[in-house]
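As structure tokens, here come the structures.
Each of the next two complexes has chain A plus one more chain, namely chain B in the first and chain C in the second.
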Partner chain A sequence: MNALVIVAHPNLADSPTQQFLKQGAKLTTAKWHYLDPLQEFSPATERQLLVEAERIILQFPLYWYGAPAILKKWQEQILSTNFVQQKLKNKQLGIVVNTGLPEKDFHSGSKVGFSVEQLLAPYQALAHQAHMHWLNPLTIYQFQYLTDTQQMQLLMDYQRYLVQPYPDTLKTRSRWYLKKMQDLSFRDEQSSLIQNTLKQTTAELENNLSILAMIKAGEDEVNG
Partner chain B sequence: MNALVIVAHPNLADSPTQQFLKQGAKLTTAKWHYLDPLQEFSPATERQLLVEAERIILQFPLYWYGAPAILKKWQEQILSTNFVQQKLKNKQLGIVVNTGLPEKDFHSGSKVGFSVEQLLAPYQALAHQAHMHWLNPLTIYQFQYLTDTQQMQLLMDYQRYLVQPYPDTLKTRSRWYLKKMQDLSFRDEQSSLIQNTLKQTTAELENNLSILAMIKAGEDEVNG
Partner chain C sequence: MKLMDDTQWLLDQIRAQQKKAPQYEIRAFWQGLATLVEQQAKRNEQLEAEIDGRLWNHDQW
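Let's turn to the complex of A and B:
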């Protein structure tokens, strides 16, 4: 998966969330592309990056319920209706967004009054206009309060969001986890026990997936 | 009505829509405040303007289904959670937005897939968080295709949006129109005939409003 992560943040070094995600992105083949507020954009370079990517991820903290000014500036300088419709068609567009408020505040009747997905409507509209595939946003609520286990889960979810094949189904997800486990174990030549266990687990999971596929096919026939 | 119109546009002189609205704003007591992209903001000055206003209007063209970068930059530099909750509470927040696409494109299933109101959710969330009164946005679709009559109607609607007392009811609206007509006629000392007609119309309308109010009160009793 040729993925491009466009990171919009006024001060990357000061953001524990972004530093954490940067480490996560390094574990994948995704290209990390930071929009440096101190530099001018080169439209030719930016457009080339977009054209080469199969999946485009916009990553930013939620500022006043939307993207930071730097991303809007980038959109205004780089994108045009013709460009997005001709060059971005059929690519995938995803959003990785982090918030300072907890999840419970993002509902009608709560503090914010809208879900994060509702607030990101402008980006879904962009995907819609460009005939891109819209990936459900990956929202990180209050990173600083995540437990170690939650951080590890986020690390996995984030990597999957960046590079797991589209669409996100039980099958693509399971295959991705298996591949990841194999990659990790092969790095450590001494872990033959882990490798053997993983191979067995892999076989079992592949088998379960086949069974699930058959059950699903049967259901489709019944329902069809 | 002490209204502040914050205008965000990268190049005001090149926008027929903004030039038209500027003329409209001049016919009211609203303060026109242009966010000059070539100048730095003075947080103290900007905050003072906000504190003094009873109604705050954000006015901009829809760029990539949201506000231009200059407005986002202003929000990031001027607003804070404490400031909006402590200083903007109970004020009114409105949006005047113009689009290059026609109204028919702003529906689910259409080109954009969202209504303008849905795309402006981040601003409604801001109003919600700040405990401000949210004014339904005034949307101007494809200004360049408006007929003379439609432009005149827009000029009236825009002035009402800027300074007509809150909330927008039949009564406040009628009173505003009457006031406007009287103001216009008093400018021309020779138009005594028009003045007399207007006075008569005013009396009739006031009378009708009283009758409407009585009918409404009666309905409320029946329904109450």
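Let's turn to the complex of A and C:
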């Protein structure tokens, strides 16, 4: 998967969340592209990066219900109607967003009053206009309060979000972990045992899914 | 019952590997894998129950 992560943050070095995610991105084949507020964009270079990517991820902290100004500036300078419709068609668009408020605040009737997905509607509209596949956003609520276990889980969920095939089903997730385990090339016996058992449980899952699909197809024929 | 025992055994093996791993990203890998194993076990159990339910033909009861 040729993924491009476009990172918008006014001060990357000061953000523990972004530094953590940067380490996660390094464990994948995704290309990390920071929008440096001190530099001017080269539209040709930026557009080339977009054209080469199969999956485009916009990554930013939520500031006043939207992205930092640098991302809006980038959008206005780089994107045009013709470009997005002609060159971004059929690519995937995903968002990694982190918030300073907890998840419970992002619901109707709560402090913010809107879900994160509602706030991200302009990006979904961009994907819609460009005929891109919209990926369910990855939202990180209050990174600083995550436990060690939750952070480790996030590191894996983030890697999958960048490069795992779409859509994110248990089947694609299982295959991704099997591939990742293969790539990590553990040499010890216990790991091989785990790997073999995982292959079996994944095969069992795929088998159960096909049997159920066959039964449902049979029922449709009888009912139809 | 067997499925649950197998899952628990697999989770125990994964946790043991996680404790031994010196690198953070490898410990994270085992953490993610444990979550996946739990999700697979739950889904397999649901699927098997659904298959049983659908295969039971009440007309032949």
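Rule of thumb we're sticking to: the second predicted complex is superposed on the first by the 184 of 224 C-alpha atoms of A that agree within 3 Å, B and C clash if a C-alpha of one lies under 4 Å from a C-alpha of the other, contacts with A are read in each partner's own complex, and residues count from 1 in each chain.
In the analysis below, a residue touches a chain if its C-beta (ideal position, glycine included) is under 8 Å from a C-beta of that chain, and two chains touch if they have at least 3 such contacts.
Only a predicted model underlies this, so the values are computations on that prediction, with no experimental measurement involved.
Novice: Looking at the overlay, does A:Gln129 come into contact with chain B only (first), chain C only (second), both, or neither?
Specialist: first
Novice: Taking the superposition on A as described, I'd like to know which of chain B and chain C A:Leu205 touches: first, second, both or neither.
Specialist: After superposing on A, A:Leu205 lies in contact with chain C but is clear of chain B.
Novice: After superposition on the shared chain, which partner residues are touched by A:Ile215: those of chain B (first), chain C (second), both, or neither?
Specialist: So A:Ile215 only meets chain C here.
Novice: So, does A:Leu155 touch the first partner chain B, the second partner chain C, both, or neither?
Specialist: second
Novice: Looking at A:Val163, would you say it contacts chain B, chain C, both, or neither? Reply first, second, both or neither.
Specialist: A:Val163: touches no partner chain.
Novice: Output check: A:Lys72 vs chain B and chain C. Expected answer is one of first, second, both, neither. What do you get?
Specialist: first
Novice: Tell me which partner A:Trp64 touches in the superposition: chain B (first), chain C (second), both or neither.
Specialist: first
Novice: Would you pull the chain A residues touching chain C in the complex into a rising list?
Specialist: Interface residues on chain A, with respect to chain C: 23, 27, 149, 151-153, 155-157, 170, 173-174, 177, 180-181, 184, 190-191, 193-194, 197-198, 201-202, 204-205, 208-209, 211-212, 215-216, 219.
Novice: How about chain C: which of its residues touch chain A in the complex?
Specialist: Touch list, chain C to chain A: 6, 10, 13-14, 16-17, 24-29, 31-33, 35-37, 39-41, 43-44, 47-48, 50-51, 54-55.
Novice: Over in the complex, which chain B residues touch chain A? Could you list them?
Specialist: Against chain A, the touching part of chain B is residues 10, 63-70, 72-73, 75-76, 79, 111-114, 118-119, 121-126, 128-129.
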